Each structure stands twice: as structure tokens, then as C-alpha cells.
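For clarity, chains are labelled A, B, C, D and E in written order, and residue numbers in each chain start from 1.
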Amino acid sequence: HADQMEKARIGVLRLSSSAPVFIAQDKGYFRDAGLEVELKFFDAAQPVAVATTTGDVDVGITAFTAGLYNLAGKGTLKIIAGMSRDRPGYPLIGYFASNKAYEAGLKTPKDLAGKRIAITQVGSSFHYSLGLLADKYGFKLSDMKLVPLQSMSNMAAALKGETVDAALLPVSAARKLMDDGEVKHLGWVGDETPWQVSGVFAGPKTLADKELVTRLLSALQRAEREYHDVVLATVKDGHAAIDDKTKPLLAIIGKYTNLPVEQVAGNCAYIDPQGRLDVKNVDDQIKWLQAQGFADKGYDAEAIIAKDYVKAD
Amino acid sequence: MDLIADHISHRFGTLDVLDDVSFTVAAGEVVAIVGPSGCGKSTLLSILGGLLQPCAGQASLRGAPPSESLNPLTFVFQDFALLPWSTVAENVEFPLLHSRLSAQERRAAVDDALRRTHLSDFRAAYPKQLSGGMRQRAGIARALAVRPALLLMDEPLSALDSQTRELLLEDFVRLLAEGSMGAIYVTHNLEEAVRLADRIVVLSRRPGRVRDVVSVPVPRGERGALAAREHLLPLQNELWHLIRAEAIDAEREVQHA
Amino acid sequence: MLDRADVTESPAGDATEVARPVRFRGAGFTPATSRHAGWLALAAALAVWQAAGSLAPVNPLFLPTPVAIARALYQLAISGVLWQHVSVSLLRISAGWALGTASGIVVGFAIGLSRIARSIGISFVSALFPIPKIAVLPLLILWLGIGEAPKVATIALGVFFSTTISVYSGVDAVPRNLIRMAQSFDVPFATIVRRVIWPGALPSILAGFRITASVALMLVVSAEMIGAETGIGTFVLQAGNLMQTDQLMAGIVILSAFGLAVGKLISLLEARLLHWR
Amino acid sequence: MLDRADVTESPAGDATEVARPVRFRGAGFTPATSRHAGWLALAAALAVWQAAGSLAPVNPLFLPTPVAIARALYQLAISGVLWQHVSVSLLRISAGWALGTASGIVVGFAIGLSRIARSIGISFVSALFPIPKIAVLPLLILWLGIGEAPKVATIALGVFFSTTISVYSGVDAVPRNLIRMAQSFDVPFATIVRRVIWPGALPSILAGFRITASVALMLVVSAEMIGAETGIGTFVLQAGNLMQTDQLMAGIVILSAFGLAVGKLISLLEARLLHWR
Amino acid sequence: MDLIADHISHRFGTLDVLDDVSFTVAAGEVVAIVGPSGCGKSTLLSILGGLLQPCAGQASLRGAPPSESLNPLTFVFQDFALLPWSTVAENVEFPLLHSRLSAQERRAAVDDALRRTHLSDFRAAYPKQLSGGMRQRAGIARALAVRPALLLMDEPLSALDSQTRELLLEDFVRLLAEGSMGAIYVTHNLEEAVRLADRIVVLSRRPGRVRDVVSVPVPRGERGALAAREHLLPLQNELWHLIRAEAIDAEREVQHA
């Protein structure tokens, strides 16, 4: 395909939930599909969506946030595929309590009602997860006192310093705190409230290039299938096996996420082998965000999904 | 070249400042303008020099200015108006920069002006380094360098201490005797007026009107002698009595801002 | 004995020669504002902006129209959210500003009056002043937790340094001759400070208020980035995060209005306290 | 004829009465800095700080000791990371500052010289000046992408308004008598602007530089919050996020040093360009 | 109460300003100090009034000050030194606030001082609203209110225009004739010195030394008449010739900063 190599820039975070992207890049699946892909790394979900809007990247792969939906609602980008999901058995994001709050009786996710809980930003995926939790246990979101702290590390510090009762943290960030006994684990979001966490999206210019999008999605799916069949299949108790078959893939993920293989193995996001998107859940997310006032009114999942490309559940 | 103040009136907003002022300054004549504070002397001089447009009447010139004059009506300012960022020589050269003179002629004009004001040794000094007297000398050198037909001087000595004032007054007498240059000399100081002027225009309190025009009886060249000074003291005294009441009124005025 | 000259003038020179007016050369260099034109220009700019947004294909995401912003503002106002945000921020600003100003005035006076305080104070102030306060925020959070304290402290810190500088500059600028005058009448030290130095430094102190007000406004936005749920800064940052640009612009308009209002207030204060100028 | 008085004085009054000295009452109110004391005080403060950190049980997380900070700085320096961060930020600051200053000078002169520009300009500047630039950052990112452009633009914007204000204040402050003087010699407009107004406004413009330098320093930290990988602001924010307080303090020290250096530079510039004052 | 300048010398850094200055001012006497610019007149006055400590020698007082005097040595300043944020009455009251006077006595003292300086109608005015002359009157009223034994005046008229200066000079003559108050009057202006003083101390150029002490031949009370003025003109002239050369040198001094 060398004669028709097309260039594409993909915006991602260095998180294991983007594992297929790293695999496709590292094992040359993009190249095989005639794409010369440049990965652009970001430190938060929000800028990925903005960069897709402004054309700094052609395709973005990251978690769904209110900001992303609002951009999509204004027609500057559309979702073209699903990526990771929170699902039982795949620990990704956890509820964690400070030691003091734990002593005082915060033992399960249900007890989070009435507590001070750190999140990154309002309208973030953490915020939404808590909304789902509130719905599940029948209390109001406003019963919890949410403290936006902008970054994971601020949240970790606040939890350690016991200035908040609880926080949602990715397992990669929480592992060390847990092992050191500085925070207490309450449960996993995937176990409590499964949902579609992240996806693939592109701006109008990219969407118009059908050839490019199709090739990109097929290369991604090839990687997703491999990741699913090789790695996810071995997951037991939230841990993937480290053996001759999984090791090369885990090493690739570790390389891009700057994590040792052991940690990667304990931190495997569930990803649909066919890159499907839970459209119903996306619509629920939008409705919820609109109800909270974080998303502008007047659009639904239909309006922001590129139907030509998306495979619905 | 005569300068004619032709029924000049002026007001700032609602404040009547000048009311129908007329007089003529003949070529080479030195006319002093005296009057109480705030009577419009500076306003009048600005109008005569073309820096302000009067509300009524006009300033006009009759006869051609001397051909060598680069700026027939040239001001000397009370506060010297030297560019503080330029040396004495640069200040004197400043009005010549855009003139028709060649660089060499310009240099010659600057040198000549500095020499006549005894500033040759100070050409490289900045204004802040100089005493007030030397600064005003630089202002005068700058005025002389453009070879004026008529000097418009607005209280040129009032910012100086008495001794410096006396020294510069002696210089003015000398400079005004040298050429054919005339002058309008605005001042509060009756002694200066009496020692420098051919005629003295006395303005009334605001709105300024011409109250009187007085000729000084001793010719300008002969006023250096002590006897002449004693002779002029009564004239000065009489002028003082003419304006004293108005000076008191002017002084006791309160500004409501 | 006055030798009256002929007032009706018969000047030397040929009287038949025509007189020509002195050429006016004093034009320009007096630009005055006409309030009128300013408002007109603002209105025109808004109109063009609105037209660009509603006619041409400018995505309102990139530049919400004035009408959209006004609508966002209106909805904020009637929902009461606006007042909540504004009042919370106002409280933080007032507390931080008051704290910073009070300590700045004390330290500024000390530097202005005492040789020891000056030697020590000036080196500390000049070393610490240039540090962007936003960089210190993490430390403040570490020291003071994530409640109101670090937010107020950030504002207070920013205000403190500016105030200190303007106060001691003000004290330095009090005409020495007034102090000498007071000394020549054996006026006691405390009275000199209260009745000569304080009013003499006031113009500079009030001018400093103008700066510190804008510093406080800027820092409240930075301070509310972390752990705040309400506040106009939080609101603006949230709108930015959520890419709700009309809300963002509404927030910016509020901040601008607030800045203008404070400026006006200080002008009033100046007119009142410095009427003697 | 001078009637010489007796210089060797035999004053009236009882000469046997004892004379007492006139009491000195002109003390104080002349605080001078002694550079010495300033450095001493800084050194003392550092010593106390170090002692507190290494002797008393103050957690170094909350307040890293000076030695720890120095060590962090040293390691940053030898690893070359420091220069990378500093140079990237410096580039952003220079670009933004130059852009903002150039446009600020142009607009400031226009406002200072033209009646129309003044009427329009002043209302815009006073409406936009109080807006914290950090609030506008999301918009700038939307407009300009997430590369260098919005960072430079943020700095330029902050610098622009301050510069504009200081430039037109400077033009306004040029003594009118100097302009009248130039007019009285028929000096053309352009020459007046170049040789009277420009040097006359320069002190105020340079004083403005002092402010804009600190504005630029502050804004680079804010601007680097978003989508930057290197830069001293990024470094500080990252250190803050990771609670590496020694690194954070090292970054703060660098910012402070940078601010002091720029202040010094402007002082030199002033000494050179304004030697006539 | 006599004031004695007792071998006073002073230097600022490396600049010798005063060199061994000695003279005595008897109670009630008016002494003028004249000398070229920068010769140390102001420095000397500051030392005499206790605002500056001399490097050598000292200023001392002999005899008790009048018992009613609140501030025996009282300054009148060249730049008036009025508090711009206080009205005329408040300015006059300012030095009385910490005095032993009761509020009523204070009010009476202020009223009296304002009356003597013809300022009663201006008590509520702020300095900026007043002409320079009225401001200096307020400065004088403030000085009178503390009932000084000796006024220390540092060129009190040099910031005023000539006409205002003449008017205030007339007031000084009157005020100094009224009581038993003495004065040291520093000035550049020989006419003022000759019209006001009993004796004139002439200082040399920097470092200031006493060059001469001259008595004015006409008694103070008789100098108003024109004849007396003409009689004093030669004295003034002679003083001028005494210091003229030094005045020129002083003026031509360049400051190297």
C-alpha cells in the first residue's frame, strides 16, 4: 500500500483503556491498512475533544465527557466507534475511602451518600459514575458533596490527607495507595454500574474521508479483536495472566502507558472485540448530563453519532 | 515687520479672558505687557504667536519678515521648554532640523547662538545638570538660532531667583541692543518692564483690556546707569499704584474646582 | 507723570501695506474623549458581531452571538444561579482583599518608616512579588486544606505584595517638606504619621487599590479552579470545561462588569477622599 | 559706603547668661535601604527555615528545606531538564510579550494622539482590561488550536492591555509645553511625535514594561496548564499535581529569579535610555 | 532670646557647604542672609532651627523665650508647606493640636492669626484653590499662631510672582513692626533684604562663609517712603556688586550626577 499511504493524527491519553490503539500502532496494523498514524498524547480527556474540534488531530479516542458531548452537539465532531467499557470483572475505576472515613463507617459504595467525594471536574466520567450510583441505590446526587480537584494527583493527595472522605480513582493511580494502606477500597464502578466509558470520534473533515475512517476503524478492530481474545480472555479476579502469549501485548501497552507489565496486567479495560458502541447508554449519558445542566439541551445520541460507521450493540 | 493685535477677544468656556485688545508692535520695538495675575497675558501672547485661535479679532503681520528669518515669531517660555532628553546643543538645533539650512549652516547657527548666550562650554550638558539661569539661556539660544524678527517672551525670568534674574536681565538688554530684533515681553515685574521696554502695555484685570500704554522716557541704551535707575523708580512706582488694587483682587481670587 | 503713548497707534512702516493674519500653528495634540463615541463604537462592534454570528456561517460554538450571551445571562439571572456564584466569589474576594490590604498597609508603612523594616522588607517583597500566585496554589492547598482558606489566601497573597509596594511608594512620595514642617513645630511622631504621612500616601494607596482589585479578580478565577463548587471563577472554568461557550462568555461579561464596577467605586472613593487634589 | 556692622558681635542681652544649644528635632523619616541588611535578613530567614525543616518535626512534604530545594534545582540543572523548560517558556514569553507590546504601543499611541481612536479605544480597553485572561483561555484554544498559538496569544493579550494603558498615559503625560514649543517652531507633526512625544512617553512605557513582564510571567504559568509538555509553568503545575514539593519550590525559585532578572534588566534599560532624568 | 550661630560648619558627604559661620541675632532683630545660589543658606537655616545637626559648631539660644511662645523658633517655608488635604484654618490649627492650648484658646489663636494675615474669609478654602500669595499668607498665619520669638524664613517670597511678592513684602513690613518678634530672612533678593532687615549677613560662595555683615542705615519704620527707597538703591547696588561675580560663578556650575 506504500503508494497510497494516508496520514492520520490520533489524539489519545496514556491509559490502558486505549490499548488497541497502541497495539495497532506498534504491530503495524495501521500501516497494513495504508495509514501512517501519528499518535498525539494528551493529559486529560477534555483537550482531546477540543483538539479534534480545532483540527489539531483527525481522530480522538478518549472518555466521553460533557464537554465532548457539547462539542458534538454543536456539530464539530461525531462518534464513530466505541472503545472501553466499565464491566463487572474488569476493575478499572474504583471507589476509595480515606482511612478516617472508613473507620467512621464508609465501607461500601452505597454508603457514599452524604460524603465529601473528590472528582476531577464536573461533567466528567467520574461525575457521571456517581450519578449512576445514586440512581442505583436510590439517593440523590445532591446528597453527596462533590469536590472538583482538576487532577488525579490532587484527588489522591486530598484522599491521603483526609480532606475528602472518598474519591474515584483509576486502579493504576490507586494501587500503590491501597498497598501502602493509605486508602481503603470500596468497590469497582464496573461491578456497580456498567457503562460505555470511551469511544472514537472525528471532526467533519475526517468524517467526509470515508476511505480513511474505514481503514482506521478496521485496523483498530483488528487490534481490538486480538486484545480481547489474547488478553481479556485470561482475566480472572481482575487480573490478566502473564504468559508467553499475553506478554508481548502487555509489554506494548506498558510501553505506551509507562507502566510495568505487572501493573498493566492488573488494569485491563474491557473493550468490545468489534468496536461496538452502546448507543442506548450514550443516550442515557446525554440525558443525564442535560438534566444536570452540564450538557446543552436540544440533541440526543442520534444527532452525534456517525451512523455510517458506528456498529451499535 | 509689524505685529498687530486687532480687536482680539477670547473666552475659555464661560470665562471671558480677553476683551477687544488692540495694539501694534513696530519692527524692532520692545513692548512689555504687564497686568495682574490671570488677566490673560499668556493667552494674548499665544494668540499673537499663532498657538491659539482667538474667539474674535485676529493677530496679523504687516510687512515682510527679514528674509534670513527662519521663524519670524519665536517664543521664549517661562518654564524654558527644553527637551530634557537632549543636550543644550541638541536643544538649540531642534528647531533647525526641519529648516532649509544645510548641516553645516545649522552647526554654524548653533555655535553662534551658544556663543552669544555664553553657553559654548555647556553644549554637551543636559538640562537637569544646569542652573535655572543657564537653562533659560539655552531657551534663548534656541530662539536666537532661528533668527526671529520678534521674540515673544512669556515671563522668561519669573522662574529664576533674583540674582540670576538680574544677570539675565543684563543679557537681555545686551541682546536686544545688538540686532534689529523686536520683542513682546510679558511680565509681572514692573522693574523688568521699565528696564527693558520701549513701551509698556498695561492690561486690566480679567477680562483683560488695554488700560494704558506707557512710553518709557529714558532711551533703552542709557538705562544702565544708577542715575537712570533712580530716575525710573518713580515711573515704576506709579505703574505699581496703577495696578496695585487689581493685583490685590487677583491675588484674593478663589478657584472653585 | 506717566508718558502716555498714543493708544490709537500710528505704527511705523507703510500703513497702506496689507496685513496678513498670523498663521495658526497650535492645532492637534489635545485628544479628548467623547463618551458618546465610545458607546457608539461599542454598540457598532456588538452589531457587527451579532451579524457575523447570525448571518455568516460562523459556528456559534466558536463565537456565541451577543444575543446568545445575553440570553445565557438572563437565564442565569432568573434561575438565581448567578447571584449564588457572584455572592460566593464576592465573599472570597472581599475576605482575601481585606486581609491582603490590611497586612500590606501595615508592612508598607513599616517599610516606609523604619530603616530596619525597609532593609529586610524590600528584599523579601522583591524576591516574592514576581512569583505567580497560581504556582503557589498547590502549596497553599497542602498547608491549608481544600476549603475556603487556600482560596482566600491566594487572593490575600496577591493583594498583599501589590499593596505593600504601593503603600511604601506612597509613603516615600509624601513631600519631605511637609514632614520637616511638622517637625519644625515639634509635632509628635504619631501625629505626623496620622496627619501628614497617611493622607499624603493615600493617593498612591488608592491607586494601588485599582491594581489589587484586578489582581483579586484574576486570582479568584485561579483559586476557584480547585475544590470549589460555586463562584464565578468556578462557573467560568466549568463552562470552559464543558465547552459551553455562551455560558463562558456570559461569565466573562460578568467578570468584566465586576471589574468596571470596582474601578468606578475606586474613582468615587478617590473623588471623595482626594477632593483636595 | 556700606555701613559695616561689628562682625565680632556684642549682642544685646546679658552676655554672661549661658547659651543652650537649639534642640535637634529633625530626626527620622529618612529610611534608607542598606543592601547589606537585606541579604543578611534573607540569609537568616533561610537558616531558620532550614533549621525548622531539619531539626523540628516539620514534614518536608509541607515545607521542603532550602537545602532540599537547592538539591532539586541542582539536579534539574545538571540533567538539562531545567534549560529545556526554561527555554521553551522563555520563547513563549518573548513571543507573546513582543506581540502584545508592539500592538499595545501602536494602539496606545493612536489613543494618545487621535480623538477618534481615543473615544473608541478607551471604552474597549476599559471593558476588556479587567477580564482575567485565564478565563479566556478556552476560547483562545477553540480559536487557535492547542499548539503554541493560544499560549502565546494569552500572554500577548495580557501584555497588550497593560501596555496600551501605560503608553497612552505616557503620551498624555508628555508636558504640553514641550509640544507647544515644537509647534511654535513649526516642527512637523511626525517630528513632534518622534522627537518629543516618544521620548517623553518613554519613562511611562518602560514603567509599563515592569508590569507587563510580571503579567507575562504569571500568564505563562496559566497558559501552560493546557496541553503543554514542557515549560517552567508546566513543570511547576506538574510538580504541584504530583505533590513533589521540593520540585515545586525549585520551580517557584526559578520563576522568582526570572522575575528579578527581568526587573534588573528593565532597570538597566531605564538607566541607559532615561539617563537624562 | 538671642540666637547664636556658633562656628557652624557643615558638609554633605564630600561637599563642604558651610565653613565656620558665626553671628548672633538679638531678640526682636531682623537679620537677612543673602548669598549666591547653593552657598548653604537653607542648610544654615535648618541648622539654626534644629532641623539639621551641623558637623561642627552649634546653634544656641541665650535668654528665655517669651513665656507665651509655643514654638520660639518657627519656620516659614519657600514652598509654603501647607497640608493640601486641610483647609486654611486646619492648616493654621495643625501645630496647635498637640500644644497645651484648650480648644477655645486654639480657636482664638487661629482666628487671630487669620485676621492678621487677612485670611478670615478664606478659612474654609483648600490650598489648591488659592493663589500663591494667599498660600504663603496661610503659611505665615500658621507661624504667627504659635507666637514665635524668631521667624526663620527661607526665601518665603521666591515662589511668587513680582506683584504678589510686593504685596506680601508690604505685609511682612507691617507684621514685623507690630510685635517684638525677630526674624532671620534668607533671600536671593537684595531689594527684599534692604527693605526688611536691620542687618544683612552676606555669605560667600560654597562653602559659605560670612563675607560681611551690613547694617541698613534707614530705620525699618521709615523705609516706606519713595525717598527712602531711592536712598537705599545705592546700598542695594553696592551689595549686588559685592556678590555679582560669585552669583555668576554659582549660576555657571554644572551638576554631574
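In the analysis below, a contact is a pair of C-beta atoms (placed from the backbone, for glycine too) under 8 Å apart; a residue touches a chain by one contact, two chains touch by 3 or more.
Since we're looking at a predicted model, the values are computed, not measured.
Between the contact lists of subunit B and subunit D, the overlap consists of C, E. Common neighbours of subunit D and subunit E under the contact rule above are B, C. The largest tally of C-beta contacts between two chains is found for C-D. Residue-number overlap of contact pairs with B-D passes half for only one option from C-E, D-E or B-C: C-E.
Subunit A and subunit E have CA centres that are 86 Å apart. Taking each chain's centre as the average of its CA atoms, subunit B and subunit E sit 31 Å apart. Annotation: 85 Å between the Cα-based centres of subunit A and subunit B.
With centres set at the average Cα position, the gap from subunit A to subunit C is 44 Å. For subunit B, residues that reach two or more other chains under the stated contact definition are 46, 49-51, 73, 128, 234.
Residue positions of subunit C touching 2 or more other chains, listed in rising order: 25-26, 61, 142, 180, 183-184, 186, 241, 243. Shown for subunit A are the residues in touch with two or more other chains, namely 50, 53, 154, 157.
An unclassified topology is adopted by the chain contact network, corresponding to no line, ring, star or complete arrangement. Contacts between chains, counted with the stated touch criterion, involve the pairs A-C, A-D, B-C, B-D, B-E, C-D, C-E, D-E. Touching subunit D in their complex are the following residues of subunit E: 2-4, 6, 22-27, 29, 46, 48-53, 58-63, 73, 199, 210, 212-217, 234-235, 238-239, 242.
Within the complex formed with subunit D, the residues of subunit A that make contact are 42-43, 47, 50-51, 53-56, 151-154, 157. Those residues of subunit C that touch subunit D in the shared complex are 25-26, 28-29, 31-39, 41-42, 45, 61-62, 111-120, 122-124, 126-139, 142-143, 176, 179-180, 183-184, 186, 189, 192, 214, 217-218, 221-222, 233, 236-237, 239-241, 243, 245, 248-249, 251-252, 255-256, 258-260, 262-263.
Against subunit C, in their complex, subunit A makes its touches with residues 46, 49-50, 53, 66-67, 70-71, 74-76, 121-123, 145-150, 154, 157-158, 161, 163-164, 294-296. Interface of subunit B with subunit D (complex): residues 46, 49-51, 71, 73-75, 77, 79, 81, 83-86, 94-95, 97-98, 126-128, 146.
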